[in-house]
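Two complexes come next, and they have one chain in common, chain A, joined by chain B in the first and chain C in the second.
For the complex of A and B:
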């Protein structure tokens, strides 16, 4: 449909020769930059594909990083990979319920109006907040003795670095995306659907829970996947708040809580460690980790595609 | 029975009111958290501003030495040192962000126009998911490619030995430079811009374009004058989003911009100036993030964070303000 203009132009064999020079230059530039973008995009994808296939070995996925002198001795990235999964799950466990609740309030209640306007702009602003600032804030916040139970304490000093701390701050990174997408989905539902439910004697909250949220589920899932992509791709918060210890360093021997209160790493942190700026400085390991991370991001993107396509096929309100 | 009829609607509204209150409380809590963060960052950064005055934003001295002095003064039992002149960092941030945003804006606009209107159907179908994928690629991945491929490329092939020699006593030109940072940052934020721009351009009512075409205006001029203008709010939204990303990018820029708090000097000559290393505000926080146990250092880092937070808030405000006059005409794209 959007090709209508060009298609019609082609049908009528309208030569661009009659165009003004600036218009022809503009069109030419659009083609040039469009093709240049294709080339760059292709180069990036192909580059990481080649480097990833070259360096990724199954053994890297199942062994832990260890200190070693040569490339062969430094192990793989099992713990960082698990760390990415844990961090993503924990951050989204906070961001999804809170984000959906905020979106519901904004779209269905939104009173007083002033607060709704403020909340709207604040969420928008949150999406533009630098992650480093969040990380710095989180570091001081979780060093408070009152929050010491969420991280480790040594000699009476709270460390402030743990999976809990990192996930809490990362949930703020994912939150705006969940809110924006859910809200869009809720607002796309026409008013008569709500009115039909009210006419049956349902309360507003029951309508939201039974009618609106199920209908907006594709938007919630899309927002969550986009948010998850941002969360697992973040490096600043992970470096400052997760401790950047390559393997899990549990705070104590309690099975799950000990690990979550302890420090660890994610794929992004592992990549930083293996970049020339980090201590590891091993290109092959960094490329392999980047490849795995790209695969995860690609999977999330495909997931969004599938969800969007399926929701388009679903019931139309009319 | 009477009572039941009266109670039923009451109970339901009470349920609603409870839900509204609890949801509202949650929203309020998130707002309060944000506000607390703003207040806290400003409060923690205040000593650094107070000691330096407007000189904080000025130049003078080596930032590295200042940071070193600030950090060590926190360890010893001496008077804390606060002297900090952040101009090299601010200049580096402005240079890299502005360069990348300007280049990315112009090229993204053309690419988005191409993508929405002028590209062949098969190319569009292939590129749409690619744009979204590139927009969600983690920045560290770009940073890795930049530091392992682009930086050596610039260092070994673009910078000549004479250029290296001409600035040798002051700095070393290794390839990690403003140029590398701008290039990588452009590639990183362009997909974000393209995605938002293309969404806006697609939402332009077809009738408006067809009206212009019916008047005999050629497709390019039609789309440029009608489509792109109608999508202005989307252009602003995309630019604000991308600029915020660029401003807050820390890791990637600390990898490719050299990590030397040096203010690239345009007086050094045109190409050399672009090859000089620098460091951004956000990257400084990451590099010194492990030194928070020194109180003056902590205040200094929070002052940097406050500047970043303030810029991000202003950016969001500017975007909002720029969209207001357009909203009046019902231009929502």
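For the complex of A and C:
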């Protein structure tokens, strides 16, 4: 019986020849859609590559934007680029520790059960929340007089727009990805590895710190990079909570704190301003900024790939 | 941790050293179908009572896993727990260091003592440092070979004492597991890069680092190749002088090679407990005879 099957399979060149028509149509459709999306992704990359290379000048990276009429007078995007870096660092500085802590709690402790379940759905909800909703909520929050020290005050009114405010809300955008990825990493660790540590007289906390988190480190890094990608790609929160003011507008002359309490911009805000839909009227510079942002995001994705690939070999139990 | 009183020392009886293993000419009548392999090492002549299991019953929810089992565990002897899958031998083993507590819904009746102290009254982490365990799958931690052993010697999550201070103890543990010479140049290599057999011996070294009184082995060789298995069995034969060894195994040949005493469990009950000599030679119970003869399992 089996020899007959192999013989007939060998007679046909293609392995799909014996498939039913619907299966073959499905396969064709899957291929078609796959290629379509590859083409779309490729088109985006190629478009910005061409536009970016055409308009990107080194000078753009080191000069600040200036409001102006013609392309020649609008300067570069130094401040938005720095803003992206600052906002990414600040948001992830909040999102990573909090996210890892939540993931450890959900995965390793999970008590009280009801609270864990509520937290779980809250985080899922946050992941599905449109950023602009978060931004609006953040604005009402940071306009409270009690939080006035985090932004600027003018004539007794708290503006609520600052790097602090934007980073706090953007951390919520990155948080779900950190939590999900870390949890996945923790759950992939076989139960006997935990037990091996307990069986040597180690507490749950010691086990988590010395065994589980190091083992889940690749997942933490992956989640963080994905979260960072989401954070630096966000526009709504930047416009509402960072002000979208093209250049940094420090709250006062205190070196670092003044800038962080003041308003600013990121590459996404800059692109919005300079896009054909915005007020800036420097379209080519929007393309150049988009190209830079795309390079950053691509580099992050590449980093994720490298980490995942390396960790698959490094941390693996049978 | 001090011993409350010196544990009783006893001479083993009924243990004539087999003179010529290949012919099994030591008066044993092997149960049908079971060829006796050569035993490893001469039996220890002293035995020290370490643990006592008294009327232990464990159940998961309403499902009983172990039913009123009583047996002694002695240093100087290797005790093998044998029986078909799901007969409760691993549950019994995990009760000895209170790992069953970590399973939700597990409940335990009866008493287990370690050096005459009820383990239920001990601090679980302190107990587990004195009754350590090696698992079926090699599971070194994601750190260097050195740190895997040093982790046990350090207080909980602490990174102290520093490397220099624990070096002696780490080397000693690796030496006891017969791994020091092999690992001499690669103590800083990630432990997960070692071969399966080396990983398992590292797990044994780790388990020995705390100088435990009892070493629990849960099918330690079932994921390993024959050569690694041999190395570990030889190690077990050597270790029983300093530590009471309890080994769960599916492999009857292995039980015969390493064990001094054998407990046969079936459906959660302890069917028969006796010296390896007796269990493999002339078991009292019909079920033991059938299991050892290969009628089921």
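Annotations
Operating definition for what follows: the second predicted complex is superposed on the first by the 292 of 318 C-alpha atoms of A that agree within 3 Å, B and C clash if a C-alpha of one lies under 4 Å from a C-alpha of the other, contacts with A are read in each partner's own complex, and residues count from 1 in each chain.
Here is the rule we go by: contacts are C-beta pairs under 8 Å (C-beta built on N, C-alpha and C of every residue); 3 or more make two chains touch, one makes a residue touch a chain.
Note that this is a predicted model, so its numbers are computed, not measured.
Of the two partner chains placed by the overlay, only chain B lies in contact with A:44; chain C stays clear of it.
Look at A:68: by the touch rule set out above, it reaches neither chain B nor chain C. In the superposition on chain A, contact is made by A:203 with both chain B and chain C.
By the document's definition of touching, of the two partners only chain B reaches A:276; chain C does not. Of the two partner chains, chain B is the only one that A:301 touches; chain C does not reach it. Once the two complexes are overlaid on the shared chain, A:145 sits clear of chain B and of chain C alike.
In the superposition on chain A, A:233 contacts chain B only, with no contact to chain C.
Touching more residues of chain A than its counterpart among chain B and chain C is B. Of the two partner chains placed by the overlay, only chain C lies in contact with A:215; chain B stays clear of it. With both structures placed on the common chain, the touch criterion links A:127 to chain B but leaves chain C unconnected. Touched by chain B in one complex and by chain C in the other are residues 201, 203, 205-206 of chain A.
For chain A in complex with chain C, the residues that touch the partner chain are 190, 192-193, 195-203, 205-206, 209-211, 214-215, 314-318.
Contacts from chain B toward chain A in the complex involve residues 12-13, 15-16, 19-20, 23-24, 26-28, 30-31, 34, 37, 40-41, 44, 107, 110-111, 113-119, 121, 123, 127, 129-134, 136-141, 143-145, 147-149, 187, 190, 194, 202, 206, 209-210, 213, 218-224, 240-241, 244-245, 247-251, 254-255, 259, 282, 285-286, 289, 292, 298, 301-302, 305, 308-309, 312-313, 315-316, 320.
Only residues 1-6, 8-9, 14, 16, 18-20, 23-24, 26-27, 29-31, 33-34, 36-38, 40-41, 44-45, 47-48, 98, 101-102, 104-106, 109, 111, 115, 118-119, 121-122, 124-137, 139-140, 175, 201, 203-206, 208, 226, 229-230, 232-236, 239-240, 268, 271-272, 275-277, 283, 286-287, 290, 293-294, 297-298, 300-301, 304-305 of chain A touch chain B when the two sit together in their complex. Across the interface of their complex, chain A is touched by residues 97, 99, 102, 125-129, 132-133, 135-139, 141-143, 151-152, 156-157, 190, 192, 196, 203, 206-207, 210, 216, 223 of chain C.
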